[in-house]
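Before any comments, here is the structure.
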Amino acid sequence: MIAALMLLPLAAGILAFIIRNDKARRALLLWTAKGHFLLTALMVYLQAAYGIVFDLHAGFIPALYPRVSGAVWFAYDALGVLFLGITSLLFLGASHYAVTYLAAEKRDPGEDADDGFIFNNAPEAVFTGCLLLFLAAMTAVTASRHMGLLWASVEATTLLSAPLIYFHRHKRSLEATWKYLLICSVGIALALMGNLFLGAAGLKSGAGLDLAGLLSKAGALDKPLLKAAFLFLFVGYGTKMGLSPFHTWLPDAHSEAPAVVSALLSGALLNCAFLGILRVNSVCASAGLAAFTGGILILFGLFSILTAALFMLGQRDYKRLLAYSSIEHMGILALGIGLGGGAVFGAMLGALSHSLAKAGLFFTSGVVLAAEKTKRIADVRGLWRRAPRTAALWLAGFFLITGTPPSGIFLAKFIILREAVALKHYWLAGAYLGLLAILFAGMASVFISMTFGEHEAKPGEKPFAEPSGMLGPAAAFFACVILAGVFIPGWLNDLLAAAARDIGGKL
Amino acid sequence: MEIIKPLLQCLAALLLSPLLAGVINRVKAFFSGRRGQPLLQLYLELYKLSRKTPVYSRTTTWVFKAGPVIGLSALLAALAVLPFAGRPSFLTFEGDFIFLLYLLGLARFVTVLAALDTGSAFEGMGASREMQFAVFAEPAFFLGLAALARVTGQGSLAGMFGALTGESWRTAAPVLALLTASFFIVLLAENSRVPADDPNTHLELTMIHEAMALDHSGPELAYILYGAALKLWLFASLIACMVLPRHSGSWVLDSALFGLALLGMAAAVGVVESIMARLRLTKVPYLLITAFAFSSLALIFQLGR
Amino acid sequence: MLLVLLSIVILISSASLALCLGRNASRAQDAGAYGAAAASAAGLIPALQVLLTGTAETISFPWPVPLGSFTFTLDPLSAFFLVPLYILTGLSAVYGVDYLKNYAGRKPLGLAWAAFNILTAAMVLVFTAGNAVLFMLGWELMAAASFLLVLFEHEKPQVRRAAFIYLTAGGAGALMLLAAFSLLGAGSAALDFSSFPSPSRGIASAVFLLALCGFGLKAGFIPLHVWLPEAHPAAPSQVSAVMSGIMIKTGIYGLIRVLGFIKPWEEWWGWTLLIIGAVSCLLGALFALAQHELKRVLAYSSIENIGIILLALGLGMAGAACGADALAGLAFGGALLHVLNHALFKGLLFMGAGSVLHGAGTAELEALGGLAKRMPRTAPLFLAGSAAACALPPLNGFAGEFLVYLGAFRSLNSAGSTAIAGVVSGLALASAGALAAAAFTRAGGAAFLGEPRTERAAKAREAGPLMLFSMRALVLLCLLCGLAAPLLLAPLGRAVASGFGLSFSAAAAGAASVPLLYVSAGGLLLLALIALAAARRSAFLGVKMPAAGPTWDCGYAAPSARMQYGASSFSQPLTDFFQPILRKLGQYPVISEYFPGRASFSSEAQAVFFNAVYLPAAVRIRNLAFRFSWLQHGRLQLYIMYIVVTLLGLLLWKL
Amino acid sequence: MHTFAELIIVFVILLDLALAVTGSLSSCIRLVALQGVVAGLLPLLAGSGAPHARAVVFALVIVTLKGAVFPRLLMRARDKSGARRDVEPLISYPASILLCLGAFIASSWLGSRLPLPQAGVAWIVPASLATIFTGFLLITTRSKAITQVLGYLVIENGIYIFGLALFVEQPLMVELAILLDVFVAVFVMGIAIFHISREFDHIDTAELSELNDWRRGEYGK
């Protein structure tokens, strides 16, 4: 089952490089996404209903190296399933969006609003292929039960997403790609160092690097080395996750990539990196270092929110604005994990809701970009007139992402706040609320000014036909977020709770 | 008999209130060495006006006509609350002076609206000033009543004045004196008397109450003049109740004394009008603030005791 | 109780219907308005029933959301807020049908109606929610729906600005409420109101302050009022009526609810409320006096009235802390009664202002005048509403304030600080009343009386029949509530008992019933006297035909509309006196020649608090953010340095 | 054998210092290559007894890559880009040296806090950390894209020292991981540099700062 999950996008990705026909390739993308989602759903169902646990021993790989016997390489616990579900769902939406988007780009690559040159887009085959391989890599991240494999998969996601960011092939996207590549590679190198420290911490007890071994022998791990391992892994994966001050690549990459890629980066990739931190965090928690890791997570979580607040005020580019909002939410998630207890559940709910809401917003931003041909906030006025449905979604997305109920994000923020208060971290709660207020104000002014008012027609502007294929996924995601705010079905609640338990939280 | 008494008191007020204006005019005439109008001049004027055919401006609407009617009614209703010689009238209840205060407010409200309905610069000016002074007069009046309530421990006007005895003057003389002064200033201002206003001129620099009635004629003007007389009666009787705390127990005697005191009040107003010059308009608020200061001082004294 | 839920269902379904029918304006209007009216009718029954019987009802369903449960509570306090809610929204909806006709085709009326009905449903939810998550759901839905309504005329930049301020204020307030509920429910598993444990003293004070600010941002007392005078004028008038009449009262309701969770009260809480209330009612009335736009006048008057309510609450709490139950009960009763009364007369006034806007196309006082002739049916209704707003007997505004006065005078005979509280509140009430009277005579006079100042005012047309119907109904209710105030005492007592405590209502009932009875008698007497005086006047006039002429202008025979006193000149003596507070901006002509040529004069009331406090603060925060913006300067080397330095720092610090 | 390994470690540290002061781009490339080769030999010498055959093969692969293939690729990239031949440091060389020394001190302190369970070879942790920080130094204080790749390779060397010295017997995934990492460094970044030089005519990263949020001069009003 797990093999199928990973091999399906892998094979499809390779196939995508070969297929010549655009339509066939798009269909391949769409059907792979659907197949992946179905498989995921089936697995969740089997796991939830019948308790069947799928795992993948590395038995079929020739025993080239001696290794710890019985180590499971890939398997799904609740946490992995949750993140797999998010990724798969997101990819399903993204594939629908991408098909419409690619067709539109093929017809008219469009020109850059600021510099006025025609985009020289990358070949569609490369884009689609990388997209599918990216999915495969993310699936591997969620499935990894081995820190080394996890690391390798995260590295693979970096490599595979770089060409996606570079889709438009112009100066700015190149700059963004370069920064993304270098900063994330540095991060990933640090994470590798962290893995080595982790291995060193377990050398004496023979814990190895697979999670089961680490967790079972957590008590015997070498504490100073474990701490060092955590710090390195935290900084390393934190870079990829976009925690401040390691977030610097994020606004650039998100603003320059096509909207669908931004959505996947923000909604899925950041979560994958987050998963890395969660894994090592749970090892540390089992080793009795919960206070140590919690403090760091809280500190950087709050700092990320602060950074986002500072940069969202007076932001000039709406895609960058969304990127900073992602930083904010990553900060909130880190805060939730750091607080522990009930807040972990909130963080899990937050991760789910944020991914959907942010992906929906990025999808919508893609349509806004198509309608207005600019990413500058000041140049978009009266979207309501030009593209009413887009504007409605844009506004809805704003309310959802800022945590206006009914929204899963609202519940997440509230639960985390409640835990902070219950733990008597009053200053923390106060700072958290103050920053949220600033963020709210910053976003509100942007969304109001973009959505409302009179639309000023630019010279040579044609009426804009809103593409349903691009708006549909956004609407569906928003609906899911709203639903998560008013009705959390039993199975989802159980899944979130189980995921929270995997990290060490309790309800 | 006990039911008749308030009726008689009100009747007295209704009949005697125009007399006060006559007394004031006679005192002023005496001071300036003139013979002056007859004492009953206002009665005559009221009679004359009630028989006149009014002239209405084409600008005006029903508001203009309703003003005097409602204004007079409010003052009449106020009589039902007003104690007479420290004795209750028809309506005596805890907080009745608030009701009284707001009835006066109603009268002012409709008068001002009626004035504005004419669209005249002069009447607008008068209305504007009326509202301005009210903003200062009302708190002063209110604080004074609060101090009085604190002195007497009573919640209604009749209760307060009924509880006010010579003993109170002995124990709380400064407070009561301050209050009397404050009320007297409010009386002068509210009844368009010198030094706040000059009822005899229509010069625009002084115009307050008089200006508001410039366009009214016939029965409406009669209503307004009669209302003004009632208002003077009202304030004067409050002060009279305060300075005349001794209750003999005999209703007739008390009432007679009270009537004399009212005439004395009118005479005092006349004296003030004769010996003082009108203040510059911009200074009038300060006069009222003085009243406010008196009232607050009284209250602070009383709260500190 | 079920009917209340039914009303929510009706509202939501009619909202979706209106949204779906959006293309057909008149059908969308019908769907929205009839839905709202039907919901009002359905909801009023249980609300009145609870008020009359005094029994609280609770319904609870599980809600698969963490910390949440569908717990609805309908106790007399909720019912006391629900009654004006249903009355006002129902009448506003009827009013809106005529009012919005002008906009058909130009504006998405389906959306407007959907937002209106959602707003109503959300307010019902707020008043009945028995669970913090449910409460916040209603609270934020209310904010979002009203935000959309404020943006009804979003083409105007000032409207967008107003909406931004409103949204931000709402967002900040909601965050504070979340904090307050977190503190309250820190020890309990669920966040049902009934399960909140009794907090420690320090926590209780923190909850009080958070709730004060959080709810205050909605209620709009000074200095948290900045959104109110911007947002209320921006919304369509029937929405302004609902926002001003009911929506800001959700803040009061919430505050009362939270106060119920954190007993016993500290005395300084009462004092805080008292002082904020006094400042709000004084400054609110003063600012109202300086405004140039009718709806802004009304908005500031709402601040004044919220101040009165808060003042009464504060007086009551200060009294309760000293054990003066009767005083506290009177003040609490006054506060609640004023909630009801304000909803009625302010709804009426906003509808009146809407009719002016509808008929003359503008609500700028200096552009109006003489509307009593052009809109003869609206004028008396508006002026009656003004009289009620000035708390003049026999209308309803007086009854509530009278109770507060009674409480204030009760306190005079107690010792020490309570007496001072009474004096302060009475004084604030009296002064604010005088200022409000000035503001309303000015507004009513400038708009309706005298000669029209502009062409538009001269061509104003009367409001539609449905608009008039709603306003008449409200006037009738104002008069009824004024005259029949003693009958309201029993339900009021139940509301006080459920909101504050049984001891207060019991103590106050005796103290209030007799005076209120007398007040009603006085009101009736007044009406009788008016009738008598009017009859007497007719008798005087007899068969004489009054003559008509120009206005007597002391001999000037050709008065023109430009010469009459305008709104600015009317208030000029007072606004000049209070210039240090009002800080009006203006240009005055300086006459330096013997024969001066053209001169111009202008004055502008500025939003003092916003310009003096909030704007500089916002600019400062933004500048601070910009100051740090070099951190994201685009240079890769430094980006990587952040990582290294942080890593090194962490290693050195944590190992 | 351990003495020999320790000598190599000292040599690696000396190479770090040399990197910090070298101004010529080609010398830099050579020094990095040399460091890679030396570090690559380390696992063969650090283990006890005869090295595993697999380890020998791996070491040879690494040595070939780092010693021969990468330098050649990087030299070609340097020639193609037509950039100036020095590294264009953003800070002076003495400052670089000082920072490098500071990194050593911090690393040795950290090393003392992190005792390895198998204290076979001394100074492994400090040397590897120091090398990592030197790599960072190259990335953050040199202006060219190519030096940033070099810096990345140096970081890689540092990790390699730590990893392979530690896991001689149980390499687990480490070798594959390092290969992957190196692959990133050279091939992907190489492609990126190729694109950069095509778009920007040269590979000075100062050009690559168009994407920013700096509101220069917009505050204080």
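A few notes on this one:
As written, the chain order gives the labels A, B, C and D, with residue 1 at the start of each chain.
One rule holds for everything that comes next: a residue touches a chain if its C-beta (ideal position, glycine included) is under 8 Å from a C-beta of that chain, and two chains touch if they have at least 3 such contacts.
What you are looking at is a predicted structure, and each value in this text was computed from that prediction instead of being measured.
Overall, the chain located most centrally, as judged by its C-alpha mean against the mean of all protein C-alpha atoms, is C. When you average the Cα atoms of each chain and compare centres, the chain farthest from subunit D turns out to be B. Interface comparison, A-D against A-C: more C-beta pairs in contact at A-C. For the pair subunit A and subunit D, the distance between mean C-alpha positions equals 30 Å.
Centroids built from CA atoms put subunit D at 98 Å from subunit B.
Computed centre separation for the pair subunit A/subunit C is 44 angstrom, with centres defined by C-alpha atoms.
In terms of their C-alpha centroids, the spacing between subunit A and subunit B amounts to 78 Å.
The residues of subunit B never reach two or more other chains; the list is empty. Shared interface positions of subunit C, i.e. residues touching 2 or more other chains, are given as 622, 624, 626, 629, 632, 636, 640, 651, 655.
Touching two or more other chains at once are residues 178-179, 182, 186, 224, 228, 251, 311, 314 of subunit A.
All chain pairs that touch, listed by label, are A-C, A-D, B-C, C-D. Against subunit B, the residues of subunit C that register as touching in their complex are 369-370, 372-373, 376, 379-380, 383, 387, 390-393, 398, 402, 405-406, 409-410, 412-413, 419-420, 422-423, 426-427, 430-431, 433-435, 437-438, 440-442, 444-446, 448-451, 511, 514-515, 517-519, 521-522, 525-526, 529-530, 532-534, 537, 540-541, 544-554, 559, 561, 563-566, 569-574, 577.
Of all residues in subunit A, only 178-179, 182-183, 186-187, 190, 224, 227-228, 231-232, 234-235, 239, 245-246, 248-249, 251, 292, 296, 307, 309-311, 313-314, 345-346, 349, 384, 399, 402, 404-406, 410-411, 413-415, 417-418, 420-422, 426, 429-430, 433, 436-438, 440-441, 444-445, 448-449, 452-454, 485-490, 493, 507 touch subunit C in the complex they form. By the touch rule above, subunit D contacts subunit A in their complex via residues 54, 110, 113-118, 132, 136, 139, 145, 148, 152, 155-156, 158-159, 162-163, 166-167, 170-174, 176-178, 180-181, 184-185, 188-189, 192, 195-196, 199-200, 208-211, 213, 215, 218.
For subunit A in complex with subunit D, the residues that touch the partner chain are 64-67, 146, 148-149, 151-152, 155-156, 158-159, 162, 166, 170-172, 174-179, 181-182, 185-186, 188-189, 192-193, 195-197, 199-200, 203-204, 208-209, 222, 224-225, 228, 251-252, 255-256, 311, 314-316, 320.
Listed in rising order, the residues of subunit C touching subunit A in the complex are 63-67, 133, 136-137, 140-141, 143-144, 151, 154-155, 157, 160, 163-164, 167-168, 171-172, 174-176, 178-179, 182-183, 185-187, 206, 618, 621-622, 624-626, 628-629, 631-632, 636, 639-640, 642-643, 646-647, 650-651, 654-655.
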